[in-house]
Each structure stands twice: as C-alpha cells, then as structure tokens.
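Multiple structures are listed underneath, in structure tokens.
The same chain A turns up in both complexes below, where it pairs with chain B and then with chain C.
Our next item is the complex of A and B:
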C-alpha cells in the first residue's frame, strides 16, 4: 500500500506559502501542490504532507499562527 | 455522472476546457465576432460598459452574451456540484482598483490573457510581447506573494449576496434582448443608453443564442476545472506544476488548428484585427494587467466564474473592470488599431505604482 497523504487547505495563497516555510523549518517533509479539485477551497494551493506527520504539521502551523482551513486526508 | 465529475477534477479538466475554448472561439469569429476576438473577457466587458453608457466610444458598444454566459454557466455548475458558496470580505475596495487597472493595462495591449493567446493562435505576432509582458507581470506578483502579500481571507456571506451578480447578468440579458432606451433629449426623443455600435468591432457579433450557449458551456467547464490563464503561469512559477498550464497550451493549439481550418490564420505583425504594432506598450500594458490579475488571484475569465459561484469579491473586481473601461475610453488611455492612446503609457505607469504599493503594504495579518 502506498503511503497515506494529507493536505492542509488555506484561505489565501500567502498563508499557503508561509505554511510551507514554517513546516520546512521544522524539518517536516511537505510540498505545495494545486488544491485537489475535489476538496473545494478558496486558495488554489494546498500543502501536502505524509499523514503520519499530521499532528506535527498541525502543531507547527498553530505555533506559527498560520491560519488554515484544516487538515484533510487524501 | 461520477465519471464525468472525476474527469473534470482530473488533470484533463483544464485541458478539455482549453480545447473547447480553442475550438469555439475561432468559430465565434467565423460567425461574426471581431477578428481574433472570439472570446475576450476584457474587450467584451468593455463593450458592455459602452452599451451601458459608461463610455461613449461608439465603435465598442454591445452587451456581449458570452460574458453573461460565463457567469450563469458557473452559477449552474456550482449549484449542481454544491459549490455555490456566497462569500466576501477579502479587501473588495482594493479589488475594485485592481480590476480597474487590469482593464486599463489590457486595453493598452488590446486584449485580456485569453485574447492574447487567441491572437497568437491567429498569427498575430504582436501577441508575443503581450504574452511576455503577462508573464513578467505574473512573476512580479509571485514575488509579492512570497513576501507575504495578501488581501486577507473571505468569510461566508448570506445566500442573497451570491445571487447579486448572476441577477445583474440577467438584467444585462434583458437589456440586450429588449434594447430599452433610457436617455431622453429635451424633446423626449430616445437617445440611449442602451447603446449598440452601428460600426466597428462593437457591431460585429455572432448570433445571440450561439454566443450565449458558448458562454454557458465554457462557464460550466471552467467552474468545474478551475481553468485560469493567470493561475497557469503562477502555479508553474511557485509550484512547478503544469496542471493549469496545459489548459492554456491546449487552448493555443486547438485555436491555431481551428483558425487554420477556417482560413483565419494570418501570420504577421501588420494589419492584424483590433491590434496595434507598438511592441513596448503591448508589453507594458500586459505587465500591468498580469500583475493586477495575479494580486487579485486570477485572470478576468476566472473572476467572472468566481462571481458566478458566489464570490462577491470577484464580482467587485468585475465592476472594477467596468470602471476601467470607463477610464480607458474616456481618459484616452485605450489603444486603437491606430496606435497607443494619448495617456495610455502614463496610466500604465500609474497602475504599476498602485500595484507596487498594494503589493508591499497589504500583508497577511498574523493570528
């Protein structure tokens, strides 16, 4: 079975870019991707991460104060 | 249905949308629309502004059913997919001016990004500096995005707000069909508006029902696939992702083939329809447009589709475009086939300064 991924959705492009920056600074393996079409969102960019890192990603974004529209498993 | 839904969510969605636009736009030209202007979000919004009397350039006044179709098609698609979400609150006042300057820039070049690609596929090489300017404008916008530029997030709004823009389009459709004459002179004789051009590009149009149907179809497809001619370049720059970019490539290729098949491919710089040959300002106008579109988050087509699915901020951007048409054709900033307008270049500089100030001062507020 392939690895399970999740994405963080954002309200704005700049939050998405900042989200990537703070997550990478924490050494998390993340990648900005176009928001998966089936997950509707205001922002065209989402941050993909390995689902097992979900708690770390959530905490990291919270600590940096990056507003987001939640973590979603894909 | 699920299969079709999956198709448009897949990487084929933007490509299919690009092909449909690329095939239908030259056919619209064949059926009467101005040359290399089967579809142009900027020119057509400008024509609507003229028909409403917001500017008095007599050759570019017509209520373009394609624009109405874009909004209503996106409305129908978003309702069917349960994606109709009325929302607002992301700096609408700033978006008005971004729409205005995007329009002013586009009318220095003479076309929105869609028409830039369509002009290219019709052999109008003046589109090349325009597209180069567009790319530069988007890249400047990307720098601002990376520096933390943001117009802030939107919030859910009451349902009624989302219906305002579609309703406005229905009113425009009624104006188009019934052509009421609102202006009256001292003797009470009708003087317009609604204005319809007797000659010039505004007097060139495909049959109403066909144009409306094409608009609706593209509105539906684009809402489903998120087709965006600006997002295409932006995502390539930031994400190294070509998902939307292939849609634009598909549009250009499909339109070039269709133009060849219809005998509408005429390569060269001189004597192109509704175009001028000033390379510097074909480039400069589109730098401004590309930057303004990027700061606002999407090309004019995308702004129309968003306004159809309830995004009131995008609707304000579209109103800004109507305002930009008023400025462009009243303050002599719009180009014409004769060349650049008297105040076009200076207004492009003013617009660029405005965008730079917006780009540097509007930042994400940390929560």
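Our next item is the complex of A and C:
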C-alpha cells in the first residue's frame, strides 16, 4: 500500500521556502513540489509531507509563525 | 553567484521543479541574511528591488498622495529629491530642513520642520558628498512624536555603520547592495518596520509573482505585493555572499580600517596648499568619503589627470546631489570625491596625496 501524503499550501514562495526550512530543522521529511492542480490553480510550490506527520508539520509551522493556506491530504 | 549560474539558474517561485526551488531557496536565504543584518522584524518584510532608488521611489510613491506633508533635508541625493519634486507637482507638500555648511543637520532644525500632521520624514543616513552622518536616532524620535513615519536612505551607510531597524525606530529602510554591502549592482531593497501596514503602501509595479496566479489582481501578501516580475536571483546570491563576508570581517573592523584611511587622506590633503576640504572635522561624524575642491581649477580636468596620469579614480562634479552642493556652497562646480574602500591600501592613499600635491602645485 502506498503511503498517504499531504501538502501545505502557501500564499508566497518565500513562505513555502521558509516552511521547508523550518520543517527540515525539526527533522521532518518534506519536499517542495509543484502545487497539485486539484488544490489550487496557482503556479507556485507546495510542501509535501507524509500524512502521518501532519500534526508535527502543523505544529512546527505554527510555532515558527509561517503563514500558510492549510494542510491538505492528497 | 558562480554556483547559482552553474547549478541553479531557475526562476525563483515560478515553478515547483528542482531548479526553480533551488533559485527560490537562494533568494530566501538572501532575505534571511538581509533581515538579520538589519534587525528586520521578519524576513518577509524585506522587499527586494533593483537598487536603493527603486526602494525610495516605492516608499515615497507608495505612501504619499496630494495634500500629504513630507520633510527631508537639504543634503539629499537625487534619488530622494527627484521623486519628491515629482510628487510636489502632484500636490504633495515637500518641506526641506536646512543643513549647515558642513552638511550637518541640527535636530532642532528638523524638529521645527516636522509639524504635527506630517506624514513622512525621509533622510539620508549620511551625505554622499561629504560623508556627514545625519542624526538618525533623533530624527526617528522627532518623526514618532509627530505621528509621522521615518524613511532612512542607507545607500551610503549600509555595510559601514551599524543599522538596526527595530532598535533605531526606522519604519522604512532603503538600501543598495553594490556599495559597502559588497554585493553586485542590481541588488537593493526596502525593509518595512512593524509599524508599516502593507495596506498603507501602494506597489510601484504590478505583475507576476508566482503566487495567487488565479487572480488578475496583485496579491496583498508580503513580499509578493511589491516584487512583481523576476527577481535578480543571481545578484541576490551575491548580495548574501557580500554580507556574509562583511559579517566575517566584522563591521567594526571595516570601520576602523576605512576611517583610518580616510583620516590619513584628509590629513595629507590638509597640508596641500589650495585644497579645500568639506564636511565636519571629526572623523566620527563622517563616513569614509573625502570631498575636496581646488579653487581656480577646473575639477573635471584635475580628475581626468588623476585618472590618466596617476591611476586615481575619483567621482567629480555634483555626485547626483545638487541640493547638497548648494548647501555647501560648491554648486555648480562640485567637488572631487575620493572614497577609500575595503581593499584600499595605505600606499594608495599616500600615492593619491602625492598626486594631488603635484597637480595643485603645477
């Protein structure tokens, strides 16, 4: 069975990069990918993570004050 | 910059592929480096622009409209004066506080000009002609008391004098990368302090940002609201490297070294008959630029001889600051400006003094 993933959407590239940095510093396995079309028509990037890490990802973004447009399961 | 060109080369934030992400990271790292260096409240409050002039225009045009009152000094560079004179024609009330003959600004003079209801106070941190440092701490306090925002043009001082946006009460800081920050040309920015609401600052340029692409309106979020169009990512990688180098050397060491060179230059030139020196006598009141005059000589000819016969490269004339030269009494002839930098040697200073002595005595 393939692993379930989620993505964090951001309003700006700067926030996406910042989110990646913050999550990696916490040892979370994340990757910046093109935003999935079903979630947004945006041409920007989103941060992919394993869905089982959702709580940790949410917490570390919140603690660092990284503005985002929510976590979405894909 | 070489790493960027060889290995990344992508467009920051325009896609999710690895080169675009790498470019986005390079820009973001530069944003963090700049934010930390200037004590910015948040890296996303660092707006990158092609130079200080663009940053100043963004601040002035973004904040001021007909009926608004703005106060500046009489030693400003044209990067401040020209946008202000253009805004004046559109109904902005522009007030100029007089500086003295050494280009120094008396805080009391500024306080008199900054009446309640003033929207903005804009000052250069130091004169680009004489190096005279303006009273930033006092100006920030005067602006705050009048309910005005304070914009500082740090083109002459960023990378030489310590600047902390939060601690010094600076609401907007305009800087350029290509001077003391040791970065390449085509880099600069505007830092927004915590007091500045993005709603109150109109963008100067609209266009693609890689974000909110579904909308034909400019996004309202920082920094994208003010960063339409592809950024100079390779230049910003260089700006970051420049600031890191500066931080390694240490601002205090840079200042100690350059101040000593400027002092040696001034002392040497003070002994040369006919040479007029401008700016305050005390070194601590100046950045390391030395402006001189030679009464009765055509300065452009002197500068050409310095270049062709002695290999000394100087900026001659009005240095884009006619207001400052009117204040000094050196308009329209201007001055010859010599600026020791991070890599200038003591031998080069002695050589310069000897060259000017020869030309002056001929």
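Methods note: the second predicted complex is superposed on the first by the 71 of 74 C-alpha atoms of A that agree within 3 Å, B and C clash if a C-alpha of one lies under 4 Å from a C-alpha of the other, contacts with A are read in each partner's own complex, and residues count from 1 in each chain.
What we mean here is this: contacts are C-beta pairs under 8 Å (C-beta built on N, C-alpha and C of every residue); 3 or more make two chains touch, one makes a residue touch a chain.
If you're wondering where the values come from, they're calculated on a predicted model, not measured in any experiment.
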Based on the superposed arrangement, let me know which partner A:13 touches: chain B (first), chain C (second), both, or neither? both
Between chain B (first) and chain C (second), which, if any, makes contact with A:38: first, second, both or neither? first
Just chain B (first), just chain C (second), both, or neither: which does A:27 touch? neither
Could you give the residue numbers on chain A that contact chain B in one complex and chain C in the other? 11-15, 17-18, 32-34, 40, 42, 44-45, 67
Which positions of chain B touch chain A when the two form their complex? 8-10, 13, 83, 85, 87, 90, 145-146, 148-154, 225-226, 228, 231, 235, 238-239, 241, 243-244, 297, 363-364, 366-367
Over in the complex, which chain A residues touch chain B? Could you list them? 11-15, 17-18, 32-34, 36-38, 40, 42, 44-45, 65, 67
For the complex, give me every residue of chain A touching chain C. 10-18, 20-21, 32-35, 40-46, 67
Can you list the chain C residues touching chain A in their complex? 12-17, 20-21, 24-25, 27-28, 31, 43-44, 209-214, 219, 221-224
